[in-house]
Amino acid sequence: MLPRYRRSLLISLAFLGGLAALDLILFPAGQVGVILLSGLYQGMLFFLVAAGLSIVFGLLDVLNMAQGSFFMLGAYLGFAVYGALPEGTPVTWRFLAALVAATVGGGLLGALVERSLIRPLYARPIFQIVLTLGLATVANEIVRAIYGPAGLIPITPPAALDTTISVLGGRFETYRLFIIGMGATLMALTLLLLHRTRLGIIIRAGVEDREMVEALGVPIGRVFTLTFALGCAIAALGGITAAPYIGAYPAMGDAFLLNAIIVVVLGGMSSFEGTAVASILVGLARASAEQVSLEYLGSPLLATVSILLIMILVLLVRPSGLFGSETS
Amino acid sequence: MSGPMADSRRRGLWSPGALLAGLALLAAPFLVAGFLGEGATFRMAAAAMICAEGYTPFVGAALGTWLLLGMAVLGARRVAGANGPLTALRNHGARLWILYLLLITPFLLAWATDSSACIRGKAFFWQSVFIETFILAILAASYNLMFGFSGVLSFGHAAFFGLGAYGVGLLMKHAGMDLVPAMVITIVASAVLGLMVSGIALRVHGLYFAIFTLAMAEILHLLAANRIFVDLTGAEDGFTFAVPDWINAASNRMTFYYLSLGLLILTFAVIYRLIYSPSGRVLAAVRDNEQRAQMLGFNTFTYKTLAIVLAGALGTMAGILRGLLNKGASPNVLGVGFTVDPLLMTIIGGTGTFDGPIVGAFLLRLAEQLLRDTVVSLGPWQVNIGERWALLLGVLFIASVLIFPKGIIGSLRFRSKLSASREDETM
Amino acid sequence: MNVAPLLATRNLSRHFGGLRAVDGVDLHIHAGTLHAIIGPNGAGKTTLLNMLSGALKPTGGRILFQGQDITGQPPHRIAHLGISRSFQITNLFPTLSVLEHARLAAQALGSDNLRLWRDFRKFDTYLKRAWEALGHVGLEGQAHIPASMLPHGDQRRLELATLLAQDPAVMLLDEPTAGLSAEQVPAFVDIIRAIAEEGDKTIVLVEHNMGVVMTLAQRITVMHQGRILAEGPPREIAANEAVQQAYLGQLYGDFADALGEAS
Amino acid sequence: MSALLEVQGLHTYIGQYHILQGVDLTVPEGSVTVLLGRNGAGKTTTLRSILGLWKPQRGRIRFDGRDIQGLQTHAIARLGIGYVPEHRAIFRQLTVEENLKVAERSKGDLQARQAFLFKLFPDLQKQYHWPAGQLSGGQQQMLAIARALVPENRLLLIDEPSEGLAPVIIEQLMEALRSLSASTTVLLVEQNFRVASLLAERYTIIEDGRSVHQGRMEDLLREQDLIQRYLGAA
């Protein structure tokens, strides 16, 4: 790890350690296990929206306020494919088809959006925020118009993922473990992509200096489209992964977008490693705070407020986020 | 920039300026009577005139205005002389005409809908649409002071708006305060919040600052919606509170109309004066190149604080009006919507222009109302615009960003840029 | 010289990571002199100027102005003490007019900055000062044009005008002739010389153009790799072996001789 | 020698600034040509205009007999032009190896050139897996040059390679550039006149956005008043 990350990592680890210690003091061990798993589960969902947000912001300077919409569209697209398959198709196949369809559909849609709408605005960051906000509204309303304002009934995942197991004495749904696994896999794959492939190296180089990358003969426009599509595909996959558990409803994207933005800011915008670490941190903080506020306040107030407060504290100490560079 | 210009502009003082002055004189007794709440005879006469149905009130208002016109102009010229305070109005020709229209709008509405301006009916309803528009215009103008004139991007303006509605409501309902002290305390609280925000701006910059303010507004939003404080705030449902009779929009809606219009004018005047003051010039410098402004010797933090606190206070004032209009507050006044709306109104109208945010507010709010019940046939589909308003709005944002990057007013002004020595030239 | 310097640094340093941009500089600038700082690209001249004007905080050492420690003061306070600077890369307010630049500069050091209700055009003193400053550099004709529409040479003059409008005790000029054509330079040098000859200003000039430096400067400090290599009057510097080796010599062989003849 | 690069009547605006107001330039195949002129004269803009990083409004740029004005930057680069920009613009967070990898135009480019690059700049081999931001200034400059050498480029555009470097390092760098110039055509921007005069065979002086003088370096050295007039000392 680079030396300049060392401090960021130490701060993050201190945060994590503090949280775990707090949980251990407040709750019995069995409950702590469930809290930690629940935190990981939430963190992974945040990560799936935040990943695209972070890469796209780093490379293109676009704060894509429609990232949450791809999460939502992924869920609806997956549901549609799941339901459209001929009768008698095994659940596992339906489920897998839904995952693939959401990913591919999200990616294609992302590419289309980047080419037609985002591209003309690269020099005007504030306008991109307005434009993507408009895009989010449009996506939301179209889904509402087609499927109605109420959510869809969650689809059934394969049987193995539809049960509970015991974790350190507490009960935990296997589907949530699946989400954790899926998130962790995607996190690892994205990190590998960024560090081990030529495309990843180009993306990271582009985050630092787009112009120079192009001057070296790389068609950066295509890399932009690909990156944007990739971010959207991850979000869409996140949406369909989460949907069997949380359902599909038009506003689901907005809820995750805010958390994802917080994750990205906390990690330091344009630092992908920061986003990965921060999403786990925020997930755990949220799960712990949820438990605390349910136990002591009788209301989930602390859950959301806590991560907002954490973000505010971190920004006051490190104005460019945990892994951000001080200069930007 | 005066001199030869003054003579050709003097005619501007004759027409809309005089109309205004006349109308103000005409309206003053009614407003005073309304404030006092007594003066029965006068009120009855006034009500009879204003509240009649059909064209009577319109003709009355127009006639009354014109009647007092000559007097007002003569008086104004005698009192003010050639270079007095009213001559400042000559820069606002078109704005004064629009203002004149807005002043007789309640009567126009009554005339156009053939209903009374004072009791439940079409005209009465449309008055409330205009009141909401004025409130949004104040909010958008205050946002523009920060974002457009000073270059401070915030995503948390709803915090100030919501603070207005909640502050005044909670103080009146639970602390048993009168309206005016409750308003004063709420504005003071908003200034404190503004100081905190600007303190943060010292350390956290750019998008980080914007997200920071978003988080701050969200915390207030969550607190307001939370069940822990249900006895105080009514949680998700919000709460209602009683307002003094003279400002109760259910009965004295026209008073409320003129009050909110007056506050919009005040907002415009405050921002206009500030931007043309020495401090306002510093704000323009900070927006253009903050570092260089520091090197010139300006403590830029002071000026950013000024912009943030003032914008916050004006936003809070809009929120107070909103609370009084609805006689209640609910968490959505703290929601992201009341940050996004003024941002969009500003951008669509024209960032960093005086009229842009106000035009944006009128456009969005009135268009929504006008199109609410329109059904359009698109081939086989019947589209109810009202139901799909949000969709249309989304498309509008996308289109306006792509087509009118400078906003409506910005684009107009850009075209007339070559007609030099306009006083807005360097704004 | 026995007189205490107006502006001095003691062991002033600024490190960026491992790079020692300025490394233990002791500078003495006396009142009323035109003091040039020269050196190859990357020698630390601009970093030094950035510290003197408060834009950068030193990592070590002190800055004294009129015997008073001003190390680490924010730029706006330093401007109020009477130290103003111009920039190497034209650094203006793109949407503001030429006149407004000079007017704001004059206003900055006045006491009316927080008058919120009065029209800025009614503060005659600043306007007057602004017009005078524009007159000094010959920009009255372009007073109402937005600064971003000025040709480059005029933007350099506007940089100087904003400085003059502040009437500072010390003017820090960072490569004022950068980007000017050969024909434009002499007129510009004349303006600076006229300011210097009035005698009430101390001018610190960072400059690449040796012709300009040699004709204008009373004292020269040569910087090299963050340190002071030599200091003295122009003739001495031109003849200095070490300077030739490290700086002039790099440019081309017999440059110092040419200068010797010129001055 | 035929002209590898030919620029005629180049005009470039940046925003409202008319930066280049008629630049003519010829770079013969196999030569080292240096652009001389004061700060802000338009040397860097000329290089950037050739690469399409600023879009020239008027004028003609021929590379290897083909008009390239108006092409996209990456397409221009792929014709065989390497760029070493001012202030190096290396990717500081990436390792030396990754920096070089970005410049690959087809798989295996780096593999094929590695030995050559290591021979030219031995330091890079030692620090192959270091983040480039931790290299010294001179090493960063070497990396920036090496990066332009990963593909087989026919022309190198090098902007101020000696800026901010210590004399000893400049010597090393010049050594490397000289050995390069034996095999590659170079268009150089250089403020350090000694470096320029030792490396280049040809020069073009740019003044106020126009090319005002060009010729052979050895002739320029004899014209002191020309140097004085256009270059001052820098």
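Going by the order they are written in, the chains are A, B, C and D; count residues from 1 in each one.
The criterion applied here is as follows: a residue touches a chain if its C-beta (ideal position, glycine included) is under 8 Å from a C-beta of that chain, and two chains touch if they have at least 3 such contacts.
All figures in this text were calculated on a predicted structure; none of them were measured in a lab.
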Selected pair, greater C-beta contact count between A-D and B-C: B-C
Centroid-based (C-alpha) most distant chain relative to subunit B: D
Where subunit B and subunit D are represented by their mean Cα positions, the distance between them in whole Å: 57
Centroid spacing, where centroids are CA-atom means, of subunit B and subunit C in whole angstrom: 47
CA centroid of subunit A to CA centroid of subunit D, Å: 43
Geometric centre distance via CA averages, subunit D-subunit C, whole Å: 31
Sites on subunit C at which at least two other chains make contact: none
Chain contact graph, described as a line, ring, star, complete graph or other shape: ring
Pairwise chain contacts under the document criterion: A-B, A-D, B-C, C-D
Parts of subunit B lying in touch with subunit A, wherever the complex brings them together: 153, 200, 203-208, 211-212, 214-216, 218-219, 222-223, 226-228, 340, 343-344, 347, 388, 390-391, 393-398, 401-402, 405
For the subunit A and subunit D complex, residues of the former touching the latter: 2, 198, 201-202, 204-205, 207-209, 211-221
Residue ranges of subunit B in contact with subunit C within the complex: 1, 273-274, 276-282, 284-285, 288-289, 291-300, 302, 306, 420-421, 425-426
Residues on subunit C engaged by subunit B in the complex (per definition of touch): 53-55, 74-77, 79-80, 84-85, 87, 91-97, 100, 103-105, 107-109, 112-121, 123, 144, 146, 162, 166
In the complex with subunit A, residue positions of subunit D that touch it: 51, 53, 72-75, 77-78, 83, 85, 89, 91-94, 98-99, 101-105, 131, 147-148, 151
